[in-house]
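A single structure is presented below for examination.
Letters A, B and C name the chains as they come in the text, with residue numbers starting at 1 for each one.
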Amino acid sequence: MTNAVEIENLVVEFTGGSRPVRALDGISLSLKQGEVLALLGESGSGKSVTLRSLLRLHNPKRSRTSGKVTVSGRDVNALDADALADLRGGVVSMVFQEPMLALDPVYTVGEQIAEAVVRHEGVSKAEARARALALFERVRIPSPERRLDAYPHEMSGGMRQRAMIALALACKPSVLLADEPTTALDATVQIQILLLLRELQREFGLSIIFVTHDIGVAVEIADRVAVMYAGRIVETGPVAALLHDARHPYTRGLLASRVERVARGERLETIPGSPPDLAALPPGCAFGPRCSRATSACQTTPPELMVDGQGRAVACFNAMTPAE
Amino acid sequence: MSAFPATEDRGGPAQPLLTVRDLVKHFPVRGKGWLGKRAVVRAVDGVSFDILKGETLGIVGESGCGKSTTARLLMHLIGPDSGEMVFDGESVGDTLALSAYRRQVQMVFQDSYASLNPRLTIEDSIAFAPKVHGVPAATARARAHDLLHRVGLEPGRFAGRYPHELSGGQRQRVNIARALALEPRLVILDEAVSALDKSVEAQVLNLLQDLKRDFGLTYVFISHDLNVVRYMVDRVMVMYLGKVAEIGEGEAVFSAPAHPYTSALLASMPTMDPTRRIGEAPLSGDPPNPIDPPPGCRFHTRCRFAEAVCSTVDPALAVAGAEHRAACLMLAPGSGHGRAPAAELAA
Amino acid sequence: MSAVASAGTSLAAPVARSPGYWSGVLRRLSRDKVAMVALVIILAIVLMAIFAPYLAPADPAKGSMLRRLRPIGTPNYPLGADELGRDMLSRLIYGARLSLIMGVTPVPIAFVIGGALGIIAGFAGGVVNTLIMRTIDVFYAFPSVLLAVALSGALGAGLGNALVSLTLVFIPPIARVAESVTTQVRGLDYIDAARASGAGALTIIRVHVLGNVLGPIFVYATSLVSVSMILASGLSFLGLGVRPPEPEWGLMLNTLRTAIYTQPLVAALPGLMIFITSVSFNMLSDGLRTAMEVK
């Protein structure tokens, strides 16, 4: 079976500003059918840019893209406008952090879902509405009949995110991209949405890429995690393996600095410094200036992502061993 | 030689630094339709608590629970509809003038960018408050440099810069320095680390603890991140729809929550263990709208222990342990709830 | 607090200063070719107005009934002669004086008054806001041309009255912009932080509000200069501004309108000057907007 998503050496540079910003610096990634992958990283690490590249959402006038992106066997960067429109929503769809901005405020949520169904499948309006209703029931929106006629601003945050998920699933995509869909939600609502996504994933056999900055959320939802830093993937592996035996100093640092690990009032372990400026990246490893294990090699060439055969990969010249 | 008249301790360590009594703040909003009748958001609806000297009091809760409004009320950025605040024995706005109170209470906001004037250099931002209070410009500038040093930013490199040239973590350090410029006794940290990247958050948390020790500060630490709160605070207050649901020693509340809402909140936290993921959501639905809070116990619409009595009786804070109180009828003797202790036992 | 207090003497450390906002604005503006061309044209017109007596080849008031309406290129009349036989070139050069005064002055005056009203309304909010803004809305309800004509008509013709009416026309829109940007800035956390530090309203406005709102208000005001130029010319054209025989482009356009069929090119010259000046102001304003990063 082919992979749901295949990314090879993807580079995205934004050229709109005064200096070009290299948001993605050659990432390669694959997502198996039915797999849930979490892209974990801080602001500016390139996780959302990766997601948007899968739908070719970057403005070609303000960005330069190279590398190959394949989704369900289609070369995304080679599609014409019609094929791209079919891809968006029909094969791949996206759930955003702020559904209020992603949903159209002047149409009811039901109209928006029905419209998407009609456009992609050419069915009748009544049929499309019936599908929307079924989806609302599926994402467990209470009194779905009434909520179909609600405008986005009339719904609560959690409800809007459910509606957004219903819209994303309206045309039966095989790949779902989720861009921090629970970050703006309260803790008690976040877990509901995560559980819903897990359930829908199993039921429809969805392949999901879930972008988050929260390790905890990644652990709740993902099979595999890819850790990003300054436009590169620095480490990937199954969730459990990554938690217990992180190989990259950055991943290790992130895990070590978690407040849950120490007693109240004890000093936290920290990663010194702050994330780099993407418009002025160092020539070597972007994490080098913050890394306690950096050697002279780290200052000249960025390390490649080395696969170890057990589903793990790490991009570091001085990767850590399980014993450390 | 402090630049200000001393803000010495008055009532001794046993007297709370700030006592808040029955604080109420409602905001009018327009109801549905363009001639709709006026509705009110009951943002803070009768909240009482103490902030003890030298402690870190955490305030947690979901959106609409009133934690940010409480912070603004504590800062007196908005005036309460009713209620009283007593700062170290003196009634705020009565025996203690508002200006004198403000000097002793400062705040760090969540959005590090919006809380710095983009047209002022870092040192001017920090030196602003001392200058307002009559400190000569050169002294205020020297103090700004010293504070920058204290928050881990080299003055020579950062004092002359503008906010947009700094990273989020650096800006938040500046905001902390700015809050300390008036030598306050109480610092309110309103989601102060929430917007920071995780690798930077730990640095700032360490810094906050160092500063607290070095300057003898008292913190109110407001956050939606229970893990961070558990790590930072001595005592914690859980809010739900404008009311206090539970308050007590941090460890007591986190290890043995007495209010069903607190339990649900804790059970909603990610497990960090892929083999023991959460299987069922502890609560369903969103927090209700504070415009029209449910009658009785405000949590009863989402509570799995709710009984008929919960929708009519508004529970007061009841004893759940030493220094540990929760507003739940299950704790109030003779409340009529099936799980409540019998009345005579309490007597 | 000892560490803080004892730092009073440790001022020696040199501080790396970032270039301020305004130097950045200047740098960006100087790289904007269109804005620079517009600026050069405006400067040239201003210099022309200042040094009119030295530049003008003839007396702008001295006419000759024998040489009425000469075409462009007539010897001694490089740009022709008007309906009273006066040298067009000289009149255009002198005309820049009154046209600039009438066109430009109302805007800075309106900027000060409207800006102050708007900032006060925006910062105070509540009743004060309602009072100021609703009053301004009354003026805003009329189209600016109509308002200018009506005010000028009511006050009577003349340079001074034209200036007053144009200023009154520009106060409401500037006040509106000032109010909206001030309201926006007032809601930001740094204003709350300043309030929490115990600063009074005037100090907060001076230190934290002005620096952040004057830029956008200024940019908006500069965009009004071109409108003002045209309105001013319009008032003169209608006989509500400067009176003949003073050279003023709008007035010249009026007096030459009878010649539109006999010497169309000459009759169009004052209009061309108004157009060039007004477009240049507009381009410069656009450049400023970009350079000042005003949205």
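Methods note: a residue touches a chain if its C-beta (ideal position, glycine included) is under 8 Å from a C-beta of that chain, and two chains touch if they have at least 3 such contacts.
Computed from a prediction, not measured in an experiment: that's the story for all the values here.
Graph distance from subunit A to subunit C, where chains that touch are one step apart, equals 2. Using the mean of the Cα atoms as each chain's centre, the chain most removed from subunit B is C.
With each centre defined as the average position of its C-alpha atoms, the distance from subunit A to subunit C rounds to 50 Å. Averaging C-alpha coordinates per chain places the centre of subunit B 49 Å away from that of subunit C. Rounded to whole angstrom, the centroid-to-centroid distance between subunit A and subunit B, based on C-alpha atoms, equals 32 Å. By the touch criterion stated above, subunit B contacts subunit C in their complex at residues 1-3, 72, 75-77, 99, 102-103, 105-107, 109, 111, 114-121, 123, 125, 128-129, 132-133, 138-139, 141-143, 145-147, 150, 155-157, 159-162, 165, 175, 178-183, 214-215. Residues 42-43, 142, 156-159, 186-192, 194-195, 213-217, 219-220, 239-240, 243, 250, 253-254, 257-260, 262, 264-265, 267-272, 274-275, 290 of subunit A touch subunit B in their complex. Interface of subunit C with subunit B (complex): residues 1, 3-11, 13-18, 20-21, 188-190, 192-200, 203, 207-208, 211-212. Touching subunit A in their complex are the following residues of subunit B: 62-63, 167-170, 197-203, 205-206, 209, 224, 226-228, 230-233, 250-251, 264-265, 268-275, 277-287, 289.
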